[in-house]
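In the two assemblies presented below, chain A is common to both, partnered first by chain B and then by chain C.
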Partner chain A sequence: MVNYSDKIREISKRLLKDCKVDMIIGFRKGSVPMMNEPHFARTAEDVDELVWDSNCGINLANYLTDRKEKIGVAAKGCDSRNIVTHILENKIKREQLTIIGVPCKGMIDKRKIAGLVEGEVLEVTEDEEQINVKSSGGKKSFKKTEVLQENCAVCIHRNPVVYDEMVAEPVPEQTDVDRYEDVRKIEEMDPEQRWAYFDDLFKECIRCYACRNACPLCYCPTCFVDEAKPQWVGKSQDPIDIRTFHFLRAYHCAGRCTDCGACQRACPVGINMRMLTKKLEKDCKDLYNWEAGLTLDSRPPLDFYRPDDPEDFIK
Partner chain B sequence: MDSHRINQLTHQRINQSRRDTDMKIVAIDKKDWEKGLDRLREAYRLIGPVKEDRYHYFRELPQGQAPDFDFFNTRISAKEIVYPQSEDLFEYTLDETKEDYHLLKEVEKDYSPKAVLGIRPCDAKAVELVKLNFDTDDYKDPYWLRAWEATTFVGLACDSPCSTCFCTTAGCGPYHEEGLDVLLADDGDRYVAKVLTEKGENFMKAAGWTEGAEAEARFESGKSAAEEKIVSTVSTEKLRSADTLALHGNEEMWEDISFSCINCGTCTFVCPTCWCFDIQDEVHGKQGRRMRNWDSCMFPIFTVHTTGHNPRGTKLQRVRQRFMHKLKYFVDKYDAGIMCVGCGRCVQQCPVNIDIRRVCDLMDRYGATDACAVEG
Partner chain C sequence: MGVEPGRLQFSWISSAESTKFVDVVTKVTEAVKTLGPNQRFVKKEAKVA
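Here is the complex of A and B:
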């Protein structure tokens, strides 16, 4: 990963020097363990702050929305797929972008690691496939594959699908993962169980909207929950309104979500709202053989009519 | 409760807080802890930290449940105990056949005594800061004040602070007493309790914990040991003298700070000192209620005018507002330090790692250069 950082800096400096871009969007080292901060660089000096490691789980496509500059952006597999979606949805132009592709072996799960060690996590370092954690209760090491974010563990598009330069050779894609085991479990529940499951899932929600705001798909000028004339959704902690927010937001992501995991990662109370978007992702795969953001050549299934669209649901 | 009564209560409370001359220390054998809690339940609703899935939260403690003191701090601050995220204020009917048609009627709420056990000193001090907003000469917020008056704050000294705690440079500390009625410290097979107010005395009596102890040394040594464990700091000395407009106008600094912000409400909602709210009317059928909900200056809708114009339309403006309020406007207006107690929740929970410690230092440093420029 060290060479990823070096390579990103090297490419960024060249792009800025050659005036190919006005700014680079990447990450700088965070101030607490397992966190990096999305960051922009306009000068060679700024570029020296850029880093890349297993804590770059925020989706940088989110920082491209409606920008006017020429931008160099570091993009792992999911970021690149959301960049494709952004381009298709006219939130940024391909010509504005120089995509610095980052092959990715997954981001580590800060909550999982915090739960596996004694006391407070004080420092996390990594070498190759190993994650070393220093906590107030001692030291522990983990295989990186054991502590990946849930979405990364089942990711099948780790390499950027669109890029101008790559920081390294592509990494092997995972082929033996079952992406939807968890979704099937919920599908198999009876309605009461499923209702109880989602009731429980959202019980800690504080409506901070971190999930929505970390999501590159959620760029509406006014979100339906913020709409006031007329108001669509109540604003209190009423569980009905909380669920309405989560359910409707998920539907807005159907056929567009890349399961980048930024929503779950951003949530301050650790809600796995991906269980909604993953179901829709699975449906899009089953119904339309569609995976979001893989190509600039066709539009997402829910914003385009094809004569051979499945219509079994019409009875 | 009229405002005069609230005023009286407030003054009474301040006087109580100052009764430190006859302050007592009481020992509580841990074997008597649960029995004491049961006795307390006869007079108080008890609230304390409870672990749910991953994190600790303040929850009401039903019979048989003791607070879980094996925690760093709760995920959400204790402000919700007196200031819930959603609170009904009034109810009304739109049914014209009803006599009380269109009349706002106050919603009955339970203001019976409650006691929060295990509130950290940072959160207790934060309640005092929030009070500056809800209890002013001109305005007394009856809902906040009644809830506050009904609450006894029983703190738990912080012997194992987190790496993100910076209370000692934020006008607070792991054994800070401001805002507390009782301060507990863990002392092996017992707790020692410093009784700080009359409310605290009544609480201890209700629990049957009255055995005096010579434990001043435990508090003194515990305090210095805990303070030494605070490794994180902020600089605030120059904030007061910094030129407000120059600080506000430092676009380059604010762009650097705000770039990563996604404008979620995490920092403001988990913050023990953020006090902003929004009033909402909700009608179901013919039945309506007026409530207030926490609001966040990070949300674009926070400042949207009815014309549609938004004076704080960009995220740079919103992020700047949050930090300027906490670290400059508040400092200037109240002369009570910064509007932050150093609990570190926003540091830990910001999804994109915007760190108030860094921002505070940048602002303070800017204040310093600004002052030098004036002198030069």
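Here is the complex of A and C:
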């Protein structure tokens, strides 16, 4: 993944020069380590700032919503699936996009790394399989597979599903991962335990809505939590209001979520709200054999009726 | 999320099926009554000094 940057810049410069696109959406270095930020490149000079490494966990599909111009966008597996979802939901047109496919071996978990080193993280570099961290307490190296984001560790769609150009050969997909071990554990709990589990999960939530803002699916002009007439959910820090927010937001993502992990990554207090979206993802797989964003040719299960839709829950 | 399964019910009832509607509502009401007052998703009133 180290040499992707040059290739992305080369493709981007060509696309801009040929006026194929008005801008390129990619990543540039952030002001602190492990915090690459989205970058909108409109000129050749802008393009020089584009980078790609293991800190590009933000989902770039989030920046395509309702755009009118022609856009080149760098897309790893999950980004591409969310782009497909965006196209299906009429938030962008396929013709507007030139998708620069980036095969991905996972993004690293900045929180995990910060927890493994002493002091403040000063610099993070990487070679193919190794992450080297320089912190105020010294230097440490990790195998990349040990510090992956949780969603990347169980990812089974690392390669882009739609693209116009690829920056490299596809990487092998992971086939021996158990995606839903954690979800099954919760499914086995009784209602008491489950209530307690989610109480604990959300107890740190400050309702900053960073998860919602980072999520490419959350593009409603007015989110249900911001609405005042009618007010659907209390705006307080009451545990019930917090739970209602997370619960409903997750449901809005049913059949659409690609488990890109943007929500968890954006959370300032490290809540794993993916435990809700993953359950819905699992249900969609089990009930409708559906994985979001894999194809432009079929409608998502929740906006399409099939006579054989399961209905055992209807009494 | 920890809501008792007995409190949740899905039914498909046509506008012409009035007796089925009454049946279902009666059964669900009874089932929920046996579970007792709901403790989940209930906001406690703020304590006023």
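We take it that the second predicted complex is superposed on the first by the 314 of 315 C-alpha atoms of A that agree within 3 Å, B and C clash if a C-alpha of one lies under 4 Å from a C-alpha of the other, contacts with A are read in each partner's own complex, and residues count from 1 in each chain.
One rule holds for everything that comes next: contacts are C-beta pairs under 8 Å (C-beta built on N, C-alpha and C of every residue); 3 or more make two chains touch, one makes a residue touch a chain.
Computed from a predicted structure; not experimentally measured.
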Partner chain(s) touched by A:R111 [first = chain B, second = chain C, both, neither]: first
Partner chain(s) touched by A:V32 [first = chain B, second = chain C, both, neither]: first
Partner chain(s) touched by A:D226 [first = chain B, second = chain C, both, neither]: first
Partner chain in contact with A:E187 - chain B first, chain C second, else both or neither: neither
Partner chain(s) touched by A:F40 [first = chain B, second = chain C, both, neither]: first
Partner chain in contact with A:E120 - chain B first, chain C second, else both or neither: first
Partner chain in contact with A:S136 - chain B first, chain C second, else both or neither: first
Partner contacting more residues of chain A (chain B vs chain C): B
Which superposed partner A:V269 touches (first chain B, second chain C, both, neither): first
Chain B versus chain C as contact partner of A:D238, first or second or both or neither: both
Set of chain A residues, in rising order, touched by both chain B and chain C: 234, 238
In the complex, chain C residues that touch chain A: 1-5, 9-12, 24, 40-43
Residues of chain B that touch chain A when the two form their complex: 52-55, 57, 72, 75-76, 85-86, 160, 162-164, 259-260, 262-266, 269-270, 278, 280, 282, 291, 293, 296, 299-301, 304, 347-349, 351-355, 357-358
Residues on chain A engaged by chain C in the complex (per definition of touch): 191-198, 234, 238, 240-241, 243-244, 247, 276, 311, 313-315
In the complex, chain A residues that touch chain B: 30-32, 35-40, 58, 62-63, 111, 115, 120, 122, 136, 204, 206-210, 212-214, 222, 226, 228, 234-238, 265-270
